[in-house]
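Got some structures for you, see below.
The following pair of complexes shares a single chain, chain A, combined with chain B in the former and chain C in the latter.
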Partner chain A sequence: MAVDTMTSSPAVVDESVPTRFIKPGTAFSVLGLLLIVIAFAVVSTGDTTTIAFDRTLTDVEWALPTTACVAVLGAIAAAAGAWMLVGLPKRRLKLVSAVAVTAFVLGLLFWAYSQPGTVFRAESILAGALFLSLPYLFGALSGVVCERSGVINIGIEGQFLMGAFTGVLVANVTGNVYAGMVGAMIAGLLSTMLLALLATKYQVNQVVVGVILNLLALGFTSFMYDQLKKAEGLNSAFSVPTLSWGPLADIPVLGPVLFQQKIFVYIGLALVFVVWFLLYRTRWGLRTRAVGEHPAAADSMGVNVNRLRFWNVTLAGLISGFGGAWFTIANSLAFGKNMTAGLGFVALAVMIVGRWNPLGVLAGALIFGFTTQVARDLDASGGSVVPGEFLQMLPYVVTLVVVAGLIGKAKAPAADGVPYNPGDK
Partner chain B sequence: MRLELKGLTKKFGSFTADDDIDLVVEPGQIHAILGENGAGKSTLMNMLYGILTPTSGEILIDEEPVSFNGPGDAIAAGIGMVHQHFKLVGPFSVADNVQLGREHTQGMGVLSAKAARNAVRQVSEEYGLKLDPDAICEELPVGVQQRVEIVKALSGPKTELLILDEPTAVLTPAEITELLQIMRNLAAAGTSILFISHKLKEVQAVADTITVIRRGKVVAELEPTASEAEMASAMVGRAVTLQVDKTPAEPGEARLEVKDLTVVSDAGVKVLDGLGLTVHSGEIVGLAGVEGNGQTELARSILGLVKPDEGHISIDGKDMHGTSPAARIAHGLGYIPEDRGRDGLVAEFSVAENLVLNQYRETPFSKRGAVNAGAVRKRAVDSIAEFDIRTQSPEEPASALSGGNQQKVIIAREFSRPRRFLVAAQPTRGVDVGATEFIHSRLIAERDTGTGVLLISSELDEIYALADRIAVIYNGRIVGEVAPDTPREVIGRLMVGGDIAAPDDAPAAPEAEAPEAPETDAPETDEEANGGDR
Partner chain C sequence: MSTDTKAPAADQPDAGETPEAKPSFMRLFGRYLTEANSVMVTIYSLILAFLIGAILLIVSDEYVRSTYTYFFARPQDALSASWYLVRDSYIALFEGAVLNLNTLDRFAAGTAEFGDLLRPLSETLTYATPLIFTGLAVGLAFRAGLFNIGAQGQMIFGMLGALIIGFSFSLPAVIHLPLAIIAGAIAGAAFGAVPGVLKATTGAHEVISSIMLNNIAGLFLVWAIGTGFLHSETKSDLITKPVDESAVMPKLLSGLSESLRVNWALPLGIAAAVFTWWLLSRSTFGFRIRAVGFNEHASATAGMRIGSTYVTTMAVAGGLAGLAGAALSLGVGSSGITTNTALEYGFDGITVALLGRANPGGIVAAAILFGALKAGALSAQPDVPVDISTLLQAIIVLFIAAPALVKAILHLRTPRGGLVTLEAKGW
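For the complex of A and B:
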């Protein structure tokens, strides 16, 4: 008896034993009940929500009774909340929360699209969502490459502006839109190189440098914009063709979303997996993560911390610069003052929501893209019950719910933003 | 490898950390470097490992002068180092930590997880250092983390000289015995070892030559036959008593009562599992146990940093449930944390500010809401003199002090205000002989004034030297409370979940052996120690 206890391990709380989760349970119950109240009190009986497959199966339309749908979704959210209040196994918590959030958001959508004249054009909206997620995706991936190595890049907004501006200018000068994209990347690279130099060699506070670089980029591009207006043919819109993958493009839903998009979409999706692979499966990635977590450990193994950081930040500029080209070239627009409108900062939020992981970043960017697209669509159709200004808040409200309810504590790389001096402990 | 240092000097501004150090390490030799904290040992090693550049002097490897521009050069030259502060990337696996900087790839910079895993297995088998290559480092016990560090140091292209910087500071007695054996094996196989320590017994047990450094200078070259007293006085520069004198305890009323304390970790493990413990006034209760059995959580729950899931804690007769650490401190709780870097000091604050961290709101340190700089400074000057804190000035940041002196700052702070009960967690970890002597005598003096003291230590020597009663913790529970004259092997068995009574046929080992040691004929009769057959 005495001896076989020597290998015993400490007691463990059984994850399958029901536990109560009062706060999220209450929140989801209230939100679910709210939906049910809306379904019966606000939505008039007879209202329908129409879902259409507008690009492939143009003649198919599903008209669903709004009251019933919203009530059912509300009941699902409320039931999830009630389960949490009664007590559910801890390992189920994430799944149940995800179901509750999804049901609540869908319920809101059904309600919002219940007005006469509004149709949920599923294919257009999903395809648009993917396209609109790109700036978040590029910005956040650039942030991941920087911050995983321990440098905070708050200047993504500025790199977007530089990329957007230079992309159009180079395309105009050379007459080649692809040269414009390369130009955007180089502009991004040059602007992060300044951050890299100041952050590693001169060990300046990285947040301050980032803010300054944003203002610098805004001032520079606005000034240049005014100058270019005086000359013809320096700030004309260029565009790239939409690539259609033949018969694949005719698959319902998948076709318009995945196989009928601009090259930016494919580069963005490929980049997610490339960055993921580089970070987790290569020597460069191992060293990058080590330098971001514990630079002294990496240094003691002969890794040159500041050189690695310098190149990581510099190369991340290629990604955010390319993301800048999305604003002009991908949208077939000429450059306009401050046209990035703060999306570079939202990209930073996406990076945190995605927990500094490229796959998480993809998920975060898609949520933002989707809510942005829905808000635009409802606003444009004009028939929404919710005012446009409120709709523009939607992406951020959803983020708050997702971050607070599902993701929980996000852990940044331990040495994020901390300059490294050889000899530090 | 034969290593020679000639006149190595390192200056930081006007401060000379190392002054004209000469040293020779012969191949296959274990060369111990003894010195107090702040004597310049770590600076010396950092120069050897290329982290710092010497101000003057030279390093010769096999008669050839070398200069290192970074640790990479030192590793390439065959030097491996185990740092006092572990250099492990917490979220990485063991294999990733070991391969960092010299990764196993399958071409094009793509990592080969299999090769990395095999390399770890190979080294760990070769030297008998058991490791799971896929374990995540931050989840491993400290002793195992150290093993990772050693495997890492040995995994260099051709490690011929191993530097061990205070390697036993965080180990359990059994782990120390094991480490010393590993060092002997390595030396026998031809690896030279530089062993930095201030633990005299270990140095005596393992070293071939001993160099003593004091205030940056070599002050003595000793043979391992030198007595502990000789070594200690060479280190400190004066005669040192290694024995703690104390009178029998006179326990009074209960100052700490812990009942059914249960704490569940984020991972769902019951790190404290219905623990009960009482400490009376005027006694020191030593809490012995292998690290990671709940000592940290117990100390943090007593202070109020961890919210218990069940159970009660009373300090000086008052239930402390739901009260803040500040309220508990005001109620007379003193706290010496086990991790001074995290819980004990604000590293960027000055020594003077750290000395009043828990009193800055009280007179005379605060006047109508403003800090009274004069009073703070006066307290600092007094404490620095009384506790012999080696600092250049009270305004120096705490981070600039050596570990032992940082510990003295904490002790000075906790001992400079009235208190009813004291938690001392690993009070002499990483602290040199002179300071240990001092801290021990202060703890005894503290007990004699009637304070109850809970001493949490992973060093049995310390528990034996100070405790009036010994409680043994295992898997978050007290598995035995014994008198201070209980033999080591009994406590050693309790520490790994065994019974108080020795098995009939098992020889009395000085320390508990590895868990798989077969002792199948153990008597099944003992009822008082519930080894915990869950």
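For the complex of A and C:
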């Protein structure tokens, strides 16, 4: 809540003194030990986990003994947890946590891919993970631009739907897929403009209106989908080519992941740095952050709070609208009712994981993209012990855990969601 | 939902005017009509929504659009095509929801029963019933300052809870039916409490956590229906076993005609609305809910436990949504439930609660209105796109949530005491 964040002042702590971290320490120790138990009790001794480089080095396959790998990774996670329990310098905490999480996740992966018939196709999975992280990335970046100026954008889901629908429609009408992308951006812009108007001029509850705008977008696109179905050729799938960067595309792992992707990937990565630069290195960024933290102070310095918020939210729609085009154009799909399936909300969780910072958002989006990709891959391979529905739940469960685990520590902009009325001072 | 007065001084009606002679009734009435009070905002929201709906019908219809290509040569073509399209569409909605004029003719001629005449109304009330429960689930939480988007998931778990008790035993109906209903409520309450617990212990915003739980519940339902425990023994498609006959929700008007689907869940819904009204306005717990919703910091200072209020409110809300699920599971009668049974009653509950302004009485009225929209849209498809009901609902509540927008569009005056808006909350 806005009030709490204002009053808590940062305590001065010497970061090199060893400190005990009981909760995460216990958690990682238990999870690590659990992996070791799994390695010896659940995994059969002869099982192997196969890693393949399926795009570049097609003849290389590594078959690793599952039990040993899972046990070692479990031991690493448990050791990291134990170190936290004994006490470690605070500045090492992030690194040790990262190592523990990575070891645990890798351990789970080794276990999951130990079933006969499943192969961890490293290049396809990593490239797919980057591609699948894009909706989260676009949605979360749009959220960052809005929320850094103090407006909650719960309507990302709706902006995705509008972008996805309009992108295909415009591409069909003009016959040009790039026009479709621009159309998607404009649709996103118009949707957020409504939110911006309501949030600044009419000072409504942003969460309530965001949810209503989502319903509106769902109703509108579904309604139009049924109406346009009657006419031929307004909702045919369009696609964009995969760009291949010549010899760079043949580098093992890096090539398929970074240099053999669709234009959406490059725009997404570029946007991360553009938004970061704008937020932290320009006058507009400083003003945006000021308005999000303390609008009255910014106002007294001569910033027109509500005008800045209006344009920030409106322009953020360009990003989420483009993210909508990902669902249809980037995936070479026609529009379908409610095809965004709640990912707009997951994007908000990604924004929180990324602590309202574009670089953090990139990291969060990649984690979510990876989770989604692995779940899909395991589901498709059919070798999974867990039912497909539970695998599909993974991004949602991760979101839940992240939102519950981080929100207290990750601080939202202080004035996030609070309408600013210059007359109230 | 708490009321908040925001009336810029310049807009105050007649501020500083000396009292004149008592104005006539007509003048007062006229003044009432042009004022943005909550009754008129509701009425204008409905009118504006149907107007916007009409425009969307016109621009999205291929044939009507084609008549507009030669608008300047023969404008009457375009205008009459538009008029007939809108008229026919809205009449089709009306016939599906209230009274079928065709049946009325047949009834007058003696070829239709009175029960046939009531069929559209029965459909409306059938669709309204779950909406009453989910609307209450959203509305009750609203009063505590919680935005419960999770009614859909809570309802799904209520469906499963009632279903399992419904088919597992064979008991006398007087015991079995209430038992299955309570099971639905408990399942919904347990699932509903989760966002409350998360908010109370970690501060996770209930909007995100309950949306995630909706997605999880939806996938869980798909999985659960496919399991041997729930899956139908006789059918191969994705459908569950039916509940035992003793747990089937009896029909309300089976004396008139067996085709009237409205069942005893409707009176149960109205009872739930009365209970919610009592809870909110007559009980200590309800006082706590409203106090926390109005100002959590003041309530905490006054010694109320905010966290436990969140958890119990969400549990009660979940229980109400669970009842919607029970009504669906036990209401489908001899067939089982499918992934489609839940429709979008949970999400529609949000719009119902907003239109009903989180008041139990308003929620019942809003549920009947939106039930009518749904019944009308379902019976009018495919001539009218079925999602017109979602679209109209969303437009209506958008105006309800932003009365200033209605006021600006129609140049209404600010009422004494200001506009009724919703209190804003951050993360």
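General remarks:
Here, the second predicted complex is superposed on the first by the 391 of 425 C-alpha atoms of A that agree within 3 Å, B and C clash if a C-alpha of one lies under 4 Å from a C-alpha of the other, contacts with A are read in each partner's own complex, and residues count from 1 in each chain.
Quick note on the criterion: contacts are C-beta pairs under 8 Å (C-beta built on N, C-alpha and C of every residue); 3 or more make two chains touch, one makes a residue touch a chain.
On a predicted model such as this, the values are computed, not experimentally measured, just so you know.
Applying the stated contact rule after C-alpha superposition, one finds that A:296 touches chain B and leaves chain C untouched.
Using the contact criterion defined above for the overlaid structures, shared-chain residue A:41 touches neither chain B nor chain C, since it reaches no partner. By the touch criterion defined above, A:304 lies against chain B but remains apart from chain C after alignment on the C-alpha atoms of chain A. Of the two partner chains, chain B is the only one that A:287 touches; chain C does not reach it.
Touch counts on chain A: comparing chain C and chain B, the chain ahead is C. Look at A:22: by the touch rule set out above, it reaches neither chain B nor chain C. Annotation: chain A residues 1-3, 423 touch chain B in one complex and chain C in the other. Contact residues on chain B toward chain A in their complex (touch as defined above): 46, 49, 51-52, 70-73, 75-76, 81, 83, 85, 87-92, 96-97, 99-103, 105, 109-111, 152, 264, 268-271, 273, 293-294, 475-476, 493, 496-499, 503, 512, 515-520, 522-524, 526, 531-534.
The touching residues of chain A, counted against chain B in their complex, run 1-15, 90, 281-287, 289-290, 293-294, 296-304, 414, 422-423, 425.
Contacts from chain C toward chain A in the complex involve residues 6, 8, 56, 60-62, 147, 149, 198, 201-205, 207-209, 211-216, 219-220, 222-223, 297, 347, 350-351, 354, 382, 385-395, 397-398, 401-402, 404-405, 408, 421-427. Within the complex, the chain A residues that touch chain C are 1-3, 152, 154, 198, 201-209, 211-213, 215-216, 218-220, 222-228, 230-231, 337, 341-342, 345-346, 348-349, 387, 389-390, 392-393, 396-397, 399-400, 403-405, 407-408, 412, 415-419, 421, 423.
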